């Protein structure tokens, strides 16, 4: 059998395969980089960084739920400067394609980070729009189309790097939001981020998470993620990076068939540290069996 | 740190109510694992329970190429683990974490465990042997006592119901002992309130103390920042560190106890 | 130990206990009524009915997902007249408190059903607002606060029966929607309905459901449901009926602690036909152990 | 219909590749269950897999008070089921559904099964005994043949690879037989394309035919309307009925085959 062309073009990038890591689940690649070579991945999406270092939320920050987990890490990170100085060079040395996930409390903060990242060796920037916008009274950017449009457009003006807009699933109309990202000049959209959720300990009668609410991820959310990816891919002409509950190659294939041009693996890393590379292999085998000559031919190939 | 391994279950049997002893064949890991390190174990099937569960090394059996983990059945994860039978494969990631800081300058040490917190101290007792006094506290039923005594002859037992040894908390007998004897270091593992009391007793007695902490974990390897606990920075400010990678063992004076 | 007062007052009704069935998972009570006496339940919420009979969606209509399931029944039902004539008398004979879940394509349809139900023996009416509104180009009523307000107010004007407004979780701001239901005169809100989702069969390369999209229910969604119940109960003074992933009494207790005054059991019926009665018993035992003299004292009793 | 029961697993063993025979102790159910009815079984733990799985009665063993279900390992549910061991309890709801319509006026019947669809026909073969000709089709490996022959001596076998009996589809030998012999009724169970071909052959031969259909189920008792299949109403219009309660057995002429 012939080999499958695993490469995908997305947001102006040519990735050697469609499998990325999901931001916040892979640190800066250091830990999982001990299990396999990071350059095997389509791209490494690093943990969300902010302009200034952040301490994050009080523990407990994680808990398990049926076929899923909650997290309320609260964007603990050492800040963009530290990242550029200490983490990025190490990642680039390893030959990884690096996508940087950034979060801001104001549009200016996003822009300031973009300006700092522009001259570096990062492949692209991913805007995490799930963080509360201080200007709008704490409503996350990602929940309002006008805010999504605005921050995307402004960040695009700050540099030439491809900009991926990561969308929150906690919205009434994901197509409307994705459309705003496209209009704002976004080169691709990532979906989904986590679903806002909570868990309660009936013995202590307290929320399990120190922060009360957290984000739900893992297999439990996959059906919602697949639906959103399908909706956006059907409605709009913008590349989609699909994620949410991908545990193995079968899940990844579902996302690609639903219309995702690339996929990201998040929670699955915690279950199987080799998940991303296993998934790359699995996608290739599936494509071969189904007679696809390339992954790109599989994108949206629902019958 | 290497990739996850499928280890063979040699034995998995109850040694007290809800407490199981799990023997795994792992000659290579035996050589590497340090007292106080833990393994991150896939207890269930594919999706339920989803996450791995952290369980510490209890002790190694070098001649057999085996290591033993001792765990208490708590919820779904450990319940699933308890149904593994000899011959079954088990998906184990590790050894992980820092383990206890052991130096050859420690001439006299105290090892203090409460409940299932005794399990991670058995290998450590073997390291210090006669140089250690072991304090082991239980609610009622005792376990692992023989294993401790074989490694370190001076084992003092406390039970809350007085069925064996001193009636009361293990921290009582430790505190008493600390008044009369000098230790170079104290190692402790157990429920957080107990650790806090040990830390307090050590602070008063001006003895350094290492505690093994627990926190809910996702990745277990340091990547997700899910297992944070608050420590005091050198400048006194609060900072979050990872129990899985920066710990699970910390110096008690670093820990923000009232957090 | 003293017994616990299990009764709850909600939407002007006095229920003997806080456990209901979730609409669409319990038919008209006929099938599960063979397993236990329906009058043991706080209330029986019957399957969603419409003004005219409906055939429903093409099969397959269900599929399992990680810790959850999808359904796309599509409101197959015999219509309100048949219900009043054939099903309701049988239910009332059994001594059940009956809440009727109604769906309309227009506000007028909701009102027409309310008028037919008003003189009957039903305890209350539950407005299912997840169905597409033909007037608004197929956007479900439940997704827009103004539509929720409007339909609630209009239905309230048609009769005196308590009106429970069942909310869709597929919205950006559940509090805003619940608030519209309250302003419209709703006597209580039910949440959550199912999350819009999909599944894909990678062998056939088709959506699993005949209708492509369906509703996700079951334990997978519980953390989202708990969060929404908590948000609404904290923000508004309107009784909440909590549901979404309740499998056993522990789950039910979580919802009550989060602020739900009653709970509904849906998908769990399929797993354990005795789930609702097991849950009633379990709540009582928990309340006893924790020293609550009544279920009402447990409502919102997070520490 | 009564509440779910915890039945004891007496035996659960492979009888062909991926095909298992599950013997359950259930004296009371044995008395009640009809050929063609099914049970809704909780295969896994609490939450995964979540839903029950429908498995038909294969046959009863009255003297032992046991019933046997035969199933193929398909996905997670049946895989979990296959790991149940003798002595384990199993949560079983049923018998459910209508079962085959059996009357004493049927003097000569054909019983046609394809693959795992043969399993639900064994008890039925016992009902008709010598009055039945049994047609059993397999891909390659056969199973349950002895059980069929004990109950109904005339068993015709087809295998797709020709390893046993006729080489080809079971529908071929049925169609041939229908040309030469007269049946009062045909009973069929198997994959939908096979059932459709059986229905077609019966239509041509002017023989009534009952088919046992499959559909994904949630409740299994008729409450959720999740298991619909389209049938033709008396006026020819399409209507959805419940496979679990109105079926799983339907007259083949009612079924909308191209739906």
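Brief remarks on what is shown
Lettered A, B, C and D in written order, each chain numbered from 1.
One rule holds for everything that comes next: contacts are C-beta pairs under 8 Å (C-beta built on N, C-alpha and C of every residue); 3 or more make two chains touch, one makes a residue touch a chain.
Predicted model, so just to flag it, every value in this text is computed and none were measured.
Steps from chain A to chain C, taking the shortest chain of touch contacts, total 1.
Common neighbours of chain B and chain D under the contact rule above are A, C.
Across the assembly, the mean Cα position most removed from that of chain C is the one of B. By residue number, over half of the contacts seen at C-D repeat in one listed pair from A-B, A-D or B-C, namely A-B. Computed from the mean C-alpha positions, the centre of chain A lies at a distance of 47 Å from the centre of chain D. Annotation: 36 Å between the Cα-based centres of chain A and chain B.
Shown for chain D are the residues that touch two or more other chains, namely 46-48. For chain C, the set of residues touching two or more other chains reads 66-68, 218-219.
Contact topology of the protein chains: fully connected, every pair of chains touching.
Those residues of chain D lying in contact with chain B across their complex are 45-48, 76. Residues 47-48 of chain B touch chain C in their complex. Chain contact summary for the complex, chain A toward chain D: residues 66-67. Considering their complex, residues 65-68, 70, 143-144, 170-173, 195-200, 202, 204-207, 212-213, 216, 218-224, 226-227, 230, 245, 250, 253-254, 257-258, 286, 290, 301-303 of chain C touch chain A. On the chain B side of its complex with chain A, the touching residues are 1-4, 42, 46-52, 93, 215-230, 238-240, 245, 259.
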